[in-house]
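By written order: A, B, C, D, E, F, G and H. Residues from 1 in each chain.
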Amino acid sequence: MSNDNRFELRMTGSGGQGLILGSIILAEAAIMEGKIVTQSQVYGAEARGGTTKAELVISNKHIAYPKVTDPDLLAAMTNEGLKQYGGGISRKTEVIIDSSVMSAPDFLDEENCRGLLALPIRSTLISRLESELGLNIVLLGIIEGLTAIVEVEILRKAIAMHVKKQFLNLNMKALDLGMEMVEAQAKTGIRI
Amino acid sequence: MSNDNRFELRMTGSGGQGLILGSIILAEAAIMEGKIVTQSQVYGAEARGGTTKAELVISNKHIAYPKVTDPDLLAAMTNEGLKQYGGGISRKTEVIIDSSVMSAPDFLDEENCRGLLALPIRSTLISRLESELGLNIVLLGIIEGLTAIVEVEILRKAIAMHVKKQFLNLNMKALDLGMEMVEAQAKTGIRI
Amino acid sequence: MRLDFLRGERLPNIWCPGCGNGIVLHALLEAIDQLQLDPDKVVLVSGIGCSSRAPAYTAFDNVHTLHGRAIPVATGIKLANLDLTVIVVTGDGDSSAIGGNHLIHAARRDVNITVVVFNNYNYGMTGGQASPLTPISSITTTTPNGNLDRPFDLVKLAAGAGATYVARSGIYFTKHLVDHLRKAIAHDGFSLVDAVAQCPTYFGRFNKKGSAGQMVTSQKDWMVLKSVAEKKTPEELAGKIIIGEFVNIERHAPVSAAAPKEQA
Amino acid sequence: MRLDFLRGERLPNIWCPGCGNGIVLHALLEAIDQLQLDPDKVVLVSGIGCSSRAPAYTAFDNVHTLHGRAIPVATGIKLANLDLTVIVVTGDGDSSAIGGNHLIHAARRDVNITVVVFNNYNYGMTGGQASPLTPISSITTTTPNGNLDRPFDLVKLAAGAGATYVARSGIYFTKHLVDHLRKAIAHDGFSLVDAVAQCPTYFGRFNKKGSAGQMVTSQKDWMVLKSVAEKKTPEELAGKIIIGEFVNIERHAPVSAAAPKEQA
Amino acid sequence: MPEKKTFKITHNRKWCKNCGICVAVCPKKVFKIDRNDRHAIVNPQDCIGCQMCVEHCPDFALAVEEVKNE
Amino acid sequence: MPEKKTFKITHNRKWCKNCGICVAVCPKKVFKIDRNDRHAIVNPQDCIGCQMCVEHCPDFALAVEEVKNE
Amino acid sequence: MSEKMVLMQGNEAVTEGAIAAGVRFYAGYPITPSTEIAEIMAKRMPQVGGTFIQMEDEIASIMAIVGASMAGKKVLTATSGPGFSLMQEGLGYACMVEAPIVILDSMRYGPSTGMATKVSQMDLMQTRWGTHGDHWVIVLSPSSVEESYQLTIRAVNLAEKYRNPVIVLSDETISHLREPIDTSISPTIVDRRLPTEKAGYLPYKTDESLVPTIANVGTGFRTSFTGLVHSESGFQTANGHVAEALVERLRDKLFNNLDDIIQFETDRVEDADILFMSFGITARGVSEAVESLRSHGRKAGSLRFITLFPFDDDRVRKAAGNGRTIVVPELNSGQLVLLVKRVFGDSRKVVPMNKINGDLISPQEILSFLREENL
Amino acid sequence: MSEKMVLMQGNEAVTEGAIAAGVRFYAGYPITPSTEIAEIMAKRMPQVGGTFIQMEDEIASIMAIVGASMAGKKVLTATSGPGFSLMQEGLGYACMVEAPIVILDSMRYGPSTGMATKVSQMDLMQTRWGTHGDHWVIVLSPSSVEESYQLTIRAVNLAEKYRNPVIVLSDETISHLREPIDTSISPTIVDRRLPTEKAGYLPYKTDESLVPTIANVGTGFRTSFTGLVHSESGFQTANGHVAEALVERLRDKLFNNLDDIIQFETDRVEDADILFMSFGITARGVSEAVESLRSHGRKAGSLRFITLFPFDDDRVRKAAGNGRTIVVPELNSGQLVLLVKRVFGDSRKVVPMNKINGDLISPQEILSFLREENL
């Protein structure tokens, strides 16, 4: 979290990946910890089935401007998403990409971001949990692993509030998987 | 015509009497003489079949304010008309009433009008021309008789433009009748 | 008719001498009387037009709305208080021109209100323009050479939209009119009565229909009871208007129950 | 279908995978092709909705108007230039909710335009709300407990309003659809085709209609040809939608010619 | 043969607009519109109480009641 | 017995949205949606040129033409 | 005055002006006090080879003239407050697709149905702000029958020239007033510019005039129209830069031409220490009041807005002379005065004079007002 | 922060606020970006014993809530620009019959269909002037999800108290933004006053509050409603004096209570030499910009309009302190700035800052703007 107490997260990918729900879950976890949040997304017909973006600002104090202007974290789950909403990052920004569906973009370097973390998110999810569901939760796990922005147990509680019982277990595993991937990132991930 | 070159006429009565047409005919006669006119009337649903008012301003020069504010002549063909639109007259105003359908109103005297001319217009029309049509033209005749505001021949031309051929003769007689009544007013009319 | 259903202090009404609106209003008040409705629970809602002035002469709650908008207001009132009997008083223009969409949607939803169309075949209020019910070839101020557009058949339109009660009557046939108004109000669901009345001032005058009295009595000549019409040939019925009950079905019945044969 | 009727540079279209709109558009272009119309003289006019985006993918003059307002714009265009073939592309909401009044009035006037309703039983564009054509009990975002309102039968509505050509078809029956679109466009007078298409994203998903492919092929199961339906009992037809030509009469024929039996 | 009933016709001049509809619908020619274009009751004795005039008067200006002579 | 006709199936990947409608309507199971949710032509040889797929593709992504072998 | 003078009602003058300007398509719905325009057009359009259609409502009316305009006709509709309110969505659409249309609004007393047969000037601000979203219209205000004729012609010309809706803001009094007018002078007519080259045709591409040369439908150019934000191609886009450029162009195509569009009528403004600012019918009472004040030695002057919108603060400031006191008489609770106040702030004394009883402001009332207010 | 905080979307907060305020009737027609309000109400109304109805269009929607309001319900509808344009005639009717109604307009990018999913503040002036005729509405503008909840409650209360339409002017960003809000505090609820005596009942007769005590229909008072000019009896009249008194009362019932109705939020206005005036979502970027300017020693301040209309020049002048420069950032081509200019004329430097590309004005952009403009 940056020094002014404000944490800005942007997630982008394709319509069906559940990124908006992911941002809501993280927002609710933050609220449970007494934090202030503002969550937003691109909206509408144009985005149908196409590229989407979810944003979250978390702070200990009142949030005036509600949108992300200088993200601490940008997670791009598709190439299209990175292309459309990858602008506006700075040297403060840690960028996460899903290397199983996209290659590390050459326009990102030390000059314009703090770091790039390329993890094979989707493929790992499929191979490890034999599921296509839960991508957004794996990503939450990664974010949690990187930032410890909320208590893990509270994050679990927030997830439980939003997923159907029959998928609860899967989602908890997805969260663990994400956190594991961060722990293991030195070994498996590419970081510039 | 008053000294400022502006002649203001207001006619009031009931819907079917043709007063609006009368005012239009006089207006067109005035135009033929190269004068400027503005003609207006009360309008609309509320007036349907009920009381009506027609106004005409004639001047040798541009007419700015188009409505009657201080009539030279007020002709009231029904009691209702006089009640509703008889206000706003002054010592400048000559008032004409149809004494065959209404009695001379006691609220009119030398204090508030220039004069009151009570003529049995409707009854004279019926008895002399055996017609109920042409009341408006008789009134035009009276106005013409009193003011000579336009050339009589031009007035005839204007009338001819607006009445059906088969009624032309009747209307010309009605005009004559009106003028006659004025000539004879010393004998038959009441004038205060 | 109960005279206390009228606001005597507001009479005489603004209508022209011989206008048919008063006759329809009379019949409507009679129907309400026959149903012995609690007058505190009757609301008349109207749009804009000569006919739409009728509710303000009654002693009920009454709402004079905007041109064409009586039906949505009536819908709001009815849904807000299901205890009320909500009757829409409207003109042919008000209901079928600017208000046409609300009419068909109320019919579709089968909202339990009654729409009484004071149908004088023209826009009386604004001076006799054509309405969507003006017959072909009729003279109005906006069809100076005779109307080219076909009119709606209001009965078919309402039926096509799903109305569960639809009737037509004329002001000459006062008992018939009262009967159908009463049935319409009593009907549980959307009901519409096309009440044919005269506008002697415009439609009558422009189309040489004679005096108000003639316009009233001539309904005998060009209106045919549905029961009678059923025994006649199309040729015999040419130029006639059929009056009676055209749709009277259970509320929210499957739509097919009201389906014109040719369509199913 | 002539590919040059499409603006290839604007494809792929914005519609969801499996959306039925493209199938109707395909059929429409095929019908226009079959009629060998001069493409310079064809104008497509639409309202607002997913379906209303269709004209902008075609190489004709095309006018994307306001929600519900395609028909009056089309009327203006047609009357201003009688040489043009004016086709309205509209959704079930666009045509029968906000645009309902224009629809019935165009039918009444018998203005020589063709209205093609891309009927997916809901408001796709705004996320799957109920439309006036949504069947009873269906789930939409504004009928979370199932739709209580009865839908219009668009065929009956248009016929009731006086349309001189009315047909219904479904995207599964592409030949049938093209045939009726072609006849509708060729018809001299107002014509309407209710073209039933799928919205797998909302209506399909909410009502468990399966994949887009299933939604397409299942039309075989719940649609019945009019000629076949005529030989069936009402019980056998319960829950079925009948497709075919329902009205095809001479322009400006006396209205009674289109009269549903029960009403005359 | 039953006794001939008699009826009292009440006409509200204030509301009447002299439109002549009652004249047209009355089967017994009870009314007429006079030379001054005014509504007039001319044959009250012929009234059979059919209520046609009452129901067709657009101005609520007529009432017809049976006169009970006990 | 007439000679078996052969057909050329053109698929425009840029316009195709992999919706599976062609899979559902093709009487000859010419297409499938593969494991990557992608449209694939799997049995082109079975095509009878019925045009079902072409007419039902919402994205104008298919064309089927007879291959004339003179 | 000459033989050529004809007595005409304001509403009739509008129809004759429209016909003289080339209007050949009228769609409308009757409403007091504009109804006569529809009625006369029903007669006149067929006579001049034009089309009259009575639509089902005002929404359909404005949309039908937009359609006819796209097909190349010069078009008119007429209405009054309630109908004008219904036209607002369509008006915004016409702005966005840049369809030349002319709307006459004859003001009656509002709000709502109000008093249908009484005059007001209560729709002034609605002409500017009635529809949602940033948009610009031209609003012209006649104060006589003659001017109803002339300004209708001008409205049609401006609509065609700038491909923009133009509103003629009349009122019940002018609509029904009869005055002699001279229709014998043949007016200048402006036609919309049309594209000549199909190759590379982009309907919304403009030259320095910023006015697009869009083809009429049915002429082979295959144009795409949409009320959505669109690029030069006419096709929808959600690109913010395009949106910004489009909306700015919609403004600038008018604001770059204010000299052409804005007209005032001034009367002895130069040395006036009391200046009246008014529009429409109210200006005629003002005119007589000014005359009377001058004849009593009082330095009065008048500025009448012929063009109400675009409203340009600078031009108003310049046209207004140096009079210390500005009186703004109008038939509403204060609308024009809000604009005037914005121009002059505290630098002048801006005094509203409002009348909202359905009657005109007479010259006498203006004089009394000055006395009462010690002006 | 407490357990009671719930994450809510702006549109949802509107529905929960409405329900908390007692709204039990919702009629509407879906339109981006307000659609979720209809969707949530479809679920929530039956749960709280209320009625939800999806009407055939926005005209029907506003008329249905007017009807339900007359029948005694507290009512809401929600829409966006195109739908709001269609509601204008009905809005004027509600003003005239004095039906308490609340309309939420979530602003999207206009004009016309524009960009449905992009934010703007382009409907500001339309809320004031959209319908024809003299009329007055209350317009409240939330700048957060929390405030969407609170101001919806307040809107319902003000509507009931003054028997007047109240517009909640939101926008696409607030509609779709999610923030934690506290709904546990029970709000103050205001109910309309009802008559008690049937004898001598005159629906539009008022006491010094100037707000009529009209009975709900169906309660035996037999009320007459009309959008025509009407006397205290509720019946139509064409009497000019009655008309004048009625329209003046419609104004005064609000203008006599400006202290109750008008709210600003001010931030360090007193010593500010640069003052921002803004409303809605734009104020949040301003707030951060002010913070940043202050932290750099610059005396910046902010005045946020919570109540946009009635707009009272004097109160704005007083609330504005003495800052020499006023910057008015807004997501349109300049609307609020017109009002601000009217208040200050040349006495202050009033600088518009407009953004019309469908995005918000960020704090950074405000800071750059000041630099570029040398402010």
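General remarks:
One rule holds in what follows: contacts are C-beta pairs under 8 Å (C-beta built on N, C-alpha and C of every residue); 3 or more make two chains touch, one makes a residue touch a chain.
Small disclaimer: the values here were computed from a predicted structure and weren't measured.
Steps from chain C to chain F, minimised over paths through touching chains, total 2. Traced through touching neighbours, the fewest hops from chain F to chain H number 2. Highest inter-chain contact count (C-beta pairs) belongs to G-H. Distance between chain A and chain C, defined via averaged C-alpha coordinates, is recorded as 63 Å. With each centre defined as the average position of its C-alpha atoms, the distance from chain G to chain H rounds to 29 Å. Centre-to-centre spacing of chain A and chain E amounts to 88 Å, using the average Cα coordinate of each chain.
Each chain gets one centre point, the mean of its Cα atoms, and the points for chain E and chain H are 59 Å apart. Multi-chain contact residues of chain A (touching two or more other chains): 45-46.
For chain D, residues that reach two or more other chains under the stated contact definition are 16-17, 66, 97-98, 100-101, 105, 132. Contact with two or more other chains is made by residues 32, 56-57, 59, 82, 89, 93, 97, 112-113, 116-117, 226-228, 238 of chain G.
Against chain H, in their complex, chain G makes its touches with residues 59, 80-82, 84-86, 88-89, 92-93, 95-97, 107, 109-118, 120, 122-123, 125-126, 128-135, 226-229, 238, 240-241, 243-244, 247-248, 250-251, 332-333, 338, 341-342, 344-347, 356-359.
For chain H in complex with chain C, the touching residues are 25, 27, 51, 53, 55-57, 59-61, 63-73, 75, 89-90, 93, 97, 217-228, 235-236. Against chain H, in their complex, chain A makes its touches with residues 24, 27-28, 31, 34-47, 63-67, 69.
Those residues of chain C that touch chain G in the shared complex are 48, 66-68, 97-98, 100, 123, 126-127, 129-130, 132, 141-145. Put simply, chain D touches chain C in their complex at residues 97-98, 100-101, 104-105, 108-110, 132, 149-153, 155-162, 229, 234, 237, 242, 246-247, 252, 255-256, 259-264.
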